[in-house]
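Structures incoming, each one as structure tokens.
Note that chain A is present in both complexes that follow, paired respectively with chain B and with chain C.
After this line comes the complex of A and B, so read on.
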């Protein structure tokens, strides 16, 4: 339901929840391993550094777009970049959002096939996930925000799963702290950057926040820092359990971590991880997919969003079927991750700089 | 019209709930509780894989069964086992993997890879080595359980809590295999006077994935203390009293303890100070003199500390000088403290040259209800 812009569609709290939900997704599965491949036992420090950097980027994003409270993505990028370039960027973002959605869906289905439904055909799982996501987003951002408001509470038991492996963990696996050197720790922040991918979606959703007088910047930075805390605890716990050498051999440390300890009654603790994680990933995919649909709505200035939600679904489904094995899924994720560098880093910085350059002329245009 | 479409989609999605492809009734599964790995007698290049499982069928003449097949590795063994089985084999419930002594000496990583790679193979599955062949152990009829794996699972837990043997799981073995600065260990089972008795008071020491030595009885307890696995259990000693003709005994009930390892590098020589503290209660004291005096208690604590230290040093000498194999994990501390000195390729050699000093203190918290 596209309402008049001045009414908005989500609250400030819902924007906070959306940010957390989109960042915690498929990246958490392999985060400890990919970062430990570079910065070994100091992987948790790399995650913290990256989180601080992303928080800084978030401040830049919110500061910049808060000066365009009544403009949607296409409108304020047109002000800053000019219309032709703005439309090119918007279309590119749509393609990026579709690729991210398809990648997330495919990673989710890979996990389901590996751990739960080993014999079910891939297309069935992909189809069900895509149908569910379409259903979640077809009514617009308000319904999706409410979904995320509900599932955010799952992050509490999800976070507590970090404690499961601690009886077997050993602090000595985290030592020497800082032993890999500052340059290696900074290099380790690069793979962890992709686990935060999605925060740039605020560029699309900010215009739809109804109560912009609330401290959006504080909420957004808090969302990033909360995710950073969660990721740091997860990575530190997993490295304390596995050690920097063994973790290289574990493809999905976040799940395997939960099989390390025996529990009475509950034999498969990873079931709980899967339950909480699946809902979170649906949120991630839904938010990214809706971002693509909203941008198309902005470009074509239509009222209905569900046309795009239904229309793009077959494209998403086909992309999810393209990778033939786990390796190709990872490669797709890497390529999409590189695109995130543009939309998450380069683009916000570019328009931020342009805003400062064109600040006076924009003021002049507004007054006239 | 919209409602009909929504209903259609819900019905379509609901079909997925029937899990048409993946649902299997329990009655169609063969749940394996124990896996044994031996070297094949007929073809020593291959291995003999044995699984033990309950039959679960009411009409079956046997409540449990075993199947054995030959294969070059566990992956091949799984394939061959399925051909012999009357149901689909599920390895997700394996509690115990038993390696025969010879198979352990040859190397076990070959088989561990298949277990580690399988998503549903529990990381908490326990590993043990048995004297002789695993197939003989799995065919035993234990006194207190149907399946020997369940019996062993409980026995290992009990002996671990008595500070006699470590618990080694798939995950902990893999950790010690892949991590520099420590070598793996496993509990080692020996048969008693008759083949129905099982003794779990030995530790199998590995170098990478090969069994190289076994520690028994007091050495095993000392090893557990060196590994900082001080839980409970009874630790007996001979006591040299004033009357040299009479043999006296002391025993302590271990209540807990801790150990701290400090590493120092002095003039390129590695010094390791291993401070161990044990607190206990007095479980046995046969000399006639009363023990319930401050001086006597302190004297006893010192005596017990020296005896324990002697055991620890004897065990350490086996690891350090005889085997040159760091199963205790000193290397992890050296790597943490002096990463530039630590040589991951030659740590065992560095370990053999280190100067290790063990300092033991014992605190007797109570002496029971007799003086």
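After this line comes the complex of A and C, so read on.
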């Protein structure tokens, strides 16, 4: 047991936790609105559909990657794509990870300014968040995974907040079930896709799992389904409270939802939500940021991960300062979301297909 | 030892006869054949030490005897042992043999039969000789003999085994460790009568030559951990150690962390329970505290009583301690954040009362909190150093007089006093006094963060603390286990505790090393 938790490795449970933690992030705030804009009262069906699709993607990723247990991201992509292309993909993943981190940090600071600190300058909040994330990441993957394990326990009360609006909600808002038609429901699955963004980090973190004999496939799919359950409950509860028309005009349904009910001792329940939410968003940003650092470490084949963690921090900070207002933040989020389509969908599918094409030759290579 | 070498060299200059035997690189001055030279050398080494007694004695019969001298430090030996068990038998022998015709001086083997001493050793070098004297042994130097006999005769004044004052329990054994390491090992051995309980002796400190014992149960302990500890102990370069804290700083990895990575205990029952869980105990001579290592964060919240009392109550107490921990670290900062940043979170009626009392206080909440927290810290430090009776008085003066006066003088609001008082009480809930140091230390940064950034500041501060706890380890064992990394087997004991018989059951499947008990604390 002395060696079990050596630095630079994570356990199978921690990989499960990392997946949950990265998926539940900034997306949950607006999820109900963006999906309801398309598929109206059937938004929750769209979320379930999307969840099943993501679970399927997850199976592809884990299946493919489990054939390369001893290779890191750069190594197995070089096996499949050839070295030059692998480095290009790895570098673009680094840029993507940095952009996602910066976007998440910026959305977080926007939220902090809106709900907690209205008068503090933006750059101070950005700075303090970036410092915290660097501190979180500099000790490497083991410490970060442990942090996420801690906050997963905080997510339990967080998820119970879904229930608070139920006394006010009416089931009639969800009817008629399936009334919008199948094609609309499928269209509604597209905006909800971005709320699951980040599951592709398993591509980077898988090599660091120490006990691969555990059912990683089952764990990862379970993580996706758990998140799907949480999202479905959130969306259904919020639509049931607001109705499919009204919810399209609520900016952050997950937060406004909590103002619907009055509590005896604590007023302003949504601030509690924000407090729990900040912890999970730190987790999300930290995981993405570390994924970028690990890839750089793989590319340059060095041991020193903290150098990348320190070195990239100013870049993150600068990107977070780029958007001038909330509108531009949303635009940046959309652009990063498009990159997510590549890394979450196209890239895993491509290497999955390539794996099948090159299966025989790979076996041949490995025998030598 | 440097001092000793220097001295011996100078003595060596006067007495050419002393042999200097070079064994490899290690110079060792050996005893000579001549008693007078040996005695003079020793007197030169131990000069200006008037507490050393040189007792001349004659060994053998009246006609044929051997000159000998007994040397001991009068304050370190049990004088009864020297009188009754060494000098009296030797003299009696001398007198009884006087009438007979035996004309042989006594040999070394004869002495062993005459004196009534349990442990007799041979030494041949001055270094060992001096160490023997200073450890409270009695030395017998004989003429025509290159060896000295060391009779163990330690009789240092030791405190009786009493009840521990810092770790007292309502239910549980009353005895606690004392300053004598022999007594302490005895307390542990009398509870664990197994040959697997090993005790490794180390001498640490170039001048203090302190005896340190490393205790472990060899079929349970992690061998790698043990090797690591022994290696670190061997590497220590220090002139003297007087308290377990010295060792702690040499052994731990993150000395600048506010959280201790080892635990001290005065309770032998606790030490034994930890030994059975595969931990290592370090005992230091002259010190009633034993070091336990490695530990986890949640062990700081455990007290032996949790296991002695009923399950439900034991867990209730633990829950109370976690609550105490959160209160002691964050309650003042939550107060500041609510009052200065998020007053909309306070219910309306309460807010009205609060603003009424706060209206007369001229300071911002953070100054108010720091003022009262500072006072409490001063009071705590003052009453800890004073004798018991005065300490209590100071406590009452502080709590009632200053608190009440502060309100009437409008220096603090009554709510504030309640907050500070609950915070202080919260930190006393923890079973180990040194843990409350870490709480007091991390409370102030959180207060400052809350004063600058409100609730967001508290979140940031707690993120830092959690990340720090997650990256900390105690001798290679993750400090925040069994929460992170989550350990399924340990959920039965660690954060909360299950029934003892259930914990034993799980041991059979999870840990093959100790079939009956591996559970407490999280290794």
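The criterion applied here is as follows: the second predicted complex is superposed on the first by the 360 of 368 C-alpha atoms of A that agree within 3 Å, B and C clash if a C-alpha of one lies under 4 Å from a C-alpha of the other, contacts with A are read in each partner's own complex, and residues count from 1 in each chain.
As a convention for this text, a contact is a pair of C-beta atoms (placed from the backbone, for glycine too) under 8 Å apart; a residue touches a chain by one contact, two chains touch by 3 or more.
These numbers were taken from a predicted model, which means no experiment stands behind them.
Undergrad: Does the superposition put A:176 against chain B (first), chain C (second), both, or neither?
TA: first
Undergrad: May I ask you to decide whether A:150 touches chain B, chain C, both, or neither, giving the answer as first, second, both or neither?
TA: Touch status of A:150: second partner only.
Undergrad: Of the partners chain B and chain C, which touch A:279 in the superposed model: first, second, both, neither?
TA: second
Undergrad: Now for A:242: first (chain B), second (chain C), both, or neither, which partner does it touch?
TA: In the superposed model, A:242 contacts chain B only, not chain C.
Undergrad: Once the shared chain is lined up, is A:120 touching chain B (first), chain C (second), both, or neither of them?
TA: A:120 sits against chain B and chain C alike.
Undergrad: Could you look at A:271 and tell me whether it touches chain B, chain C, both or neither (first, second, both, neither)?
TA: Only chain C; A:271 stays clear of chain B.
Undergrad: Touch check for A:128: first (chain B), second (chain C), both, or neither?
TA: After superposition on chain A, A:128 lies in contact with both partners, chain B and chain C.
Undergrad: Determine, under the contact definition given at the top, whether A:351 touches first (chain B), second (chain C), both, or neither.
TA: After superposition on chain A, A:351 lies in contact with neither partner.
Undergrad: Given the touch rule stated above, what does A:11 touch, chain B (first), chain C (second), both, or neither?
TA: second
Undergrad: Intersection of chain A residues contacting chain B with those contacting chain C?
TA: 116-117, 120, 128, 132, 135, 267
Undergrad: Mind pulling up the chain B residues that touch chain A in the complex?
TA: 9, 13, 16, 19-22, 93, 116, 119-120, 122-124, 169, 171-172, 174-175, 178-180, 332-333, 335-337, 339
Undergrad: Which positions of chain C touch chain A when the two form their complex?
TA: 222, 224-225, 341-342, 344-348, 453-456, 459-460, 463-464, 466-467, 470-471, 476-478, 480-481, 483-486, 488, 523
Undergrad: Could you please specify the touching residues of chain A with respect to chain C in the complex?
TA: So the residues of chain A in touch with chain C come to 1-3, 5, 11, 13-14, 17, 112, 116-117, 120, 125, 128-129, 132, 135-136, 139, 142-147, 149-151, 153, 264-268, 271, 275, 278-279, 282.
Undergrad: Within their complex, state which residues of chain A touch chain B.
TA: That would be residues 114-121, 124, 128, 131-132, 135, 168, 172-173, 175-176, 179, 242-243, 245-246, 248-249, 255-256, 259-262, 267 of chain A.
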